[in-house]
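Accompanying notes for the structure given below.
Naming follows writing order (A, B, C and D), and every chain is counted from residue 1.
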Amino acid sequence: MAWTWFHRLASPPHIYRTAGRLTPWLAWPAALLIVAGLIGGLYLAPPDYQQGDGYRIMYVHAPSAWLSLMVYTIMAVAGGIGLIWRMKVAHAVAAASAPIGASFTLATLVTGSLWGKPMWGTYWAWDPRLTSELILFFMYLGYMGLRAAFEDVQRADRISAVLAVVGLVDVPIVHYSVVWWNSLHQGPSVMYLGKPTMPPSMLVPLLIMFLGFTLFFGAVLMMRLRGEVLLRERTATWVREAIRT
Amino acid sequence: MNEIAAQAPTEPLLMSQSRHAPSSLAVARLMLLRDLKLASRKASQLVQPLAFFAIVITLFPLAVTPELPKLRHIAPGVVWAAALLSSLLALEFLFRDDAQDGTLEQYALSGRSLTGLLVAKTAAHWLLTGLPLALMAPLAGAALGIPNAALPGVLASVTVGTVTLSLIGAVGAALTLGVRRAGALLSLLTLPLEIPVLIFGARAMKLAIAAQPYGAPLTLLAGLAVLGVTLAPLAVSAAVRINLE
Amino acid sequence: MSSFHSFYGFLDMGGYAPFVWPAYAVTFTVMGLNIYWAKRLLRRARQAARRRIAVQEETHLAGPTEEPSV
Amino acid sequence: MSDSTLKGENVHLWRGERHVLRGVHFSVSAGQCLQLTGPNGAGKTTLLRTVCCLSYPEEGRISWRGADVRADLPAFHAQLAYLGHEPPLKMELTARENLQYWVGVRRRLSQAAVDASLDRVGATRWADRPVRTLSAGQKRRAALAGLTLMRVPLWLLDEPTTNLDTEGQRLVGRLIDEHLAEGGLAIAAVHHELTVSAQGLRRLELQL
């Protein structure tokens, strides 16, 4: 049966070991890519003809924003899988993702507002993207708050998974309603270099950063995942072996 | 002592659900009637969110300005923010009483669709809190200087919007059913999800005040309500089941 | 190749230094914290597992519990 | 019905760090009452809640008439009645109203059937008073009326004699006896021995 390999793959000891083995393979490329992206973005890329060197905030802001959304999606999908197939490992992925996603959402907000000051003349404008990002941050806080409210890990896993799935349905609605709202109020919206013809010297470092941040998330996720998997095991003998090292 | 001599049972044990079970519609009706009857026996719980709504509305003329033309300008925001907050207040007793006295558990074990029963409960909740709120909204609007011609628009937007508020609120109430002092957490969970309602609702009201057609945002509000009716009950029953564990 | 003429020019970021550098600092602080938190979580989970196993071994020595059955 | 058997095989359940149910086996057939005993915290309530699928065992299987109960949960629930520690009654409603809304979602109720069940537990005189005004023993009796009114084969009772006087405790025994005689089955968690006729009684002792 196809299910046997699937279950073996998703078994806590296998995940624990694989995550441990995978961590350096994600962490080192992430570090290299981020350093390369930094050199490319901060040093090699030319200044923007409108925003000068201020646009260079994009190289950390945009990948953070990407992570904030991607991680929420992963969290909700993992939670949904855990809910349907009662897979502890999936819940562990969701639990491990939440703080990472929340912290990058916060980074997005701070870098966005730092970018906003030279562009708009104010640290905070009710720009649709930043506003959606702020709401996303509240959703992360709610998710983690709900998790923390339950002492029993199993129940916290299942309850928060329901919230994450509901949130996943709601995130696009919130986003489009906020964009719609903003279009009525003619808010400032020059945040992104939305031009399709970004020169390669600008674009390549950005793409490198996207990849680097994603791998970084993968590495941190693997580390947290090992901890979360251990927290969910009670008597398994493999834990004895695993913690000896 | 009462005469309780062994009397032969009048009917055989029901070995299957079959023909003895009332229809789903009858069950939903029974549940609705039950909640209405219960509410009628403790009316103070119903009055409190309405009083809260009135007080919040009263704060704004005192805090901002008593000049009606200026109040009219912020009226949509004030009415909607107050509606959101008072609907939140009313959520506390949506499932909690039934969970505490064990009746919710009995419904979960009744062999009937828990989703259906909870939809009926949510409908009762809307009738008892959402609808009165909607009926009060034109009064509040008039007090804030909204012209009489715009009051039907106020009524329509709050009526449609509170349906979604009740549904999202039911999800929040179900998620936090097992949490002791859930007030702050409940608002952190539900308010971000309710932002689209706020945006479309306030927009519809604003257009109504400006004597412009407000059909578009009202349609969007109705769309949210339809989406809520189809998806929220699933999340509610999943969350209730997990919290009953 | 570079877009800056001097190291000072690089630090100055064309006058945007007060915004660019804090933005990078915040991002990399967040990254550092993430690594630290992850390591701390793993360490604590291991400690908890160790404690749990110790307790289990203790109760096991006290005598295995009978499997209740009819 | 000879195949009306409820079986639990190797049921394991943890509550946080605690391994509450450690491989519980049991089997109850039509006409039998399984009496669960054991000290506080041994898992009597947990076992009852696991049997009615309010809790999810991490290992093991519970089957009813040979099929896993989770295969068709609504059908299984339609055949069981669970009475927890507290009588599941709304304080603001009368005993009679409570029965209507509680049992009414399961089966169509005739006035006569409701009256008969209330009469059976000696509740006729106070059936129309709000439950809030009743004594703990009277509430327990009202809950027992609901139990008999359901007419389901499988009873799961958690301390059914709590708050009852001696006469009430005998009533519980009689109700169970009659239920067994009709081909029903019951599992009851108890502290005091039930006054049930011996031939249908089986015992399961849970340990801490």
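We take it that a contact is a pair of C-beta atoms (placed from the backbone, for glycine too) under 8 Å apart; a residue touches a chain by one contact, two chains touch by 3 or more.
Not measured: the values here are computed from a predicted model.
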* Asked: By the touch rule set out at the top, what is the minimum number of steps from subunit B to subunit C?
  -> 2
* Structure fact -> argmin over chains of |mean CA - global mean CA| returns B
* Asked: Just how far, in Å, is the C-alpha centre of subunit D from the one of subunit C?
  -> 49
* Structure fact -> Separation of the C-alpha centres, subunit A versus subunit C, in whole Å, is 15
* Roughly how far is subunit A from subunit B, going centre to centre by Cα mean, in whole Å? -> 33
* Listing for subunit D: what residues touch at least two other chains? -> 17, 56
* **subunit B, residues touching no fewer than two other chains** => 245
* Junction residues of subunit A, two or more chains touched -> 234-235
* Okay, in this complex, where on subunit C does subunit A touch? -> 1-4, 10, 13-16, 19-20, 22-24, 26-27, 30-31, 33-35, 37-39, 41-46, 48-50, 52-53, 56
* Could you pull out which subunit B residues touch subunit A in their complex? => 171, 175-176, 178-179, 182, 185, 188-189, 191-193, 195-196, 199-200, 203, 220, 224, 227, 231-232, 235, 238-239, 242-243, 245
* Asked: Contact residues on subunit D for subunit A in the complex?
  -> 14-17, 19, 56
* Using the touch rule from the top, collect the residues of subunit A that touch subunit D in their complex. => 86, 151-153, 234-235
* Over in the complex, which subunit B residues touch subunit D? Could you list them? => 1-2, 4, 6-7, 9-17, 20-22, 27, 30-31, 33-34, 37-38, 41-42, 101-103, 105-113, 117, 244-245
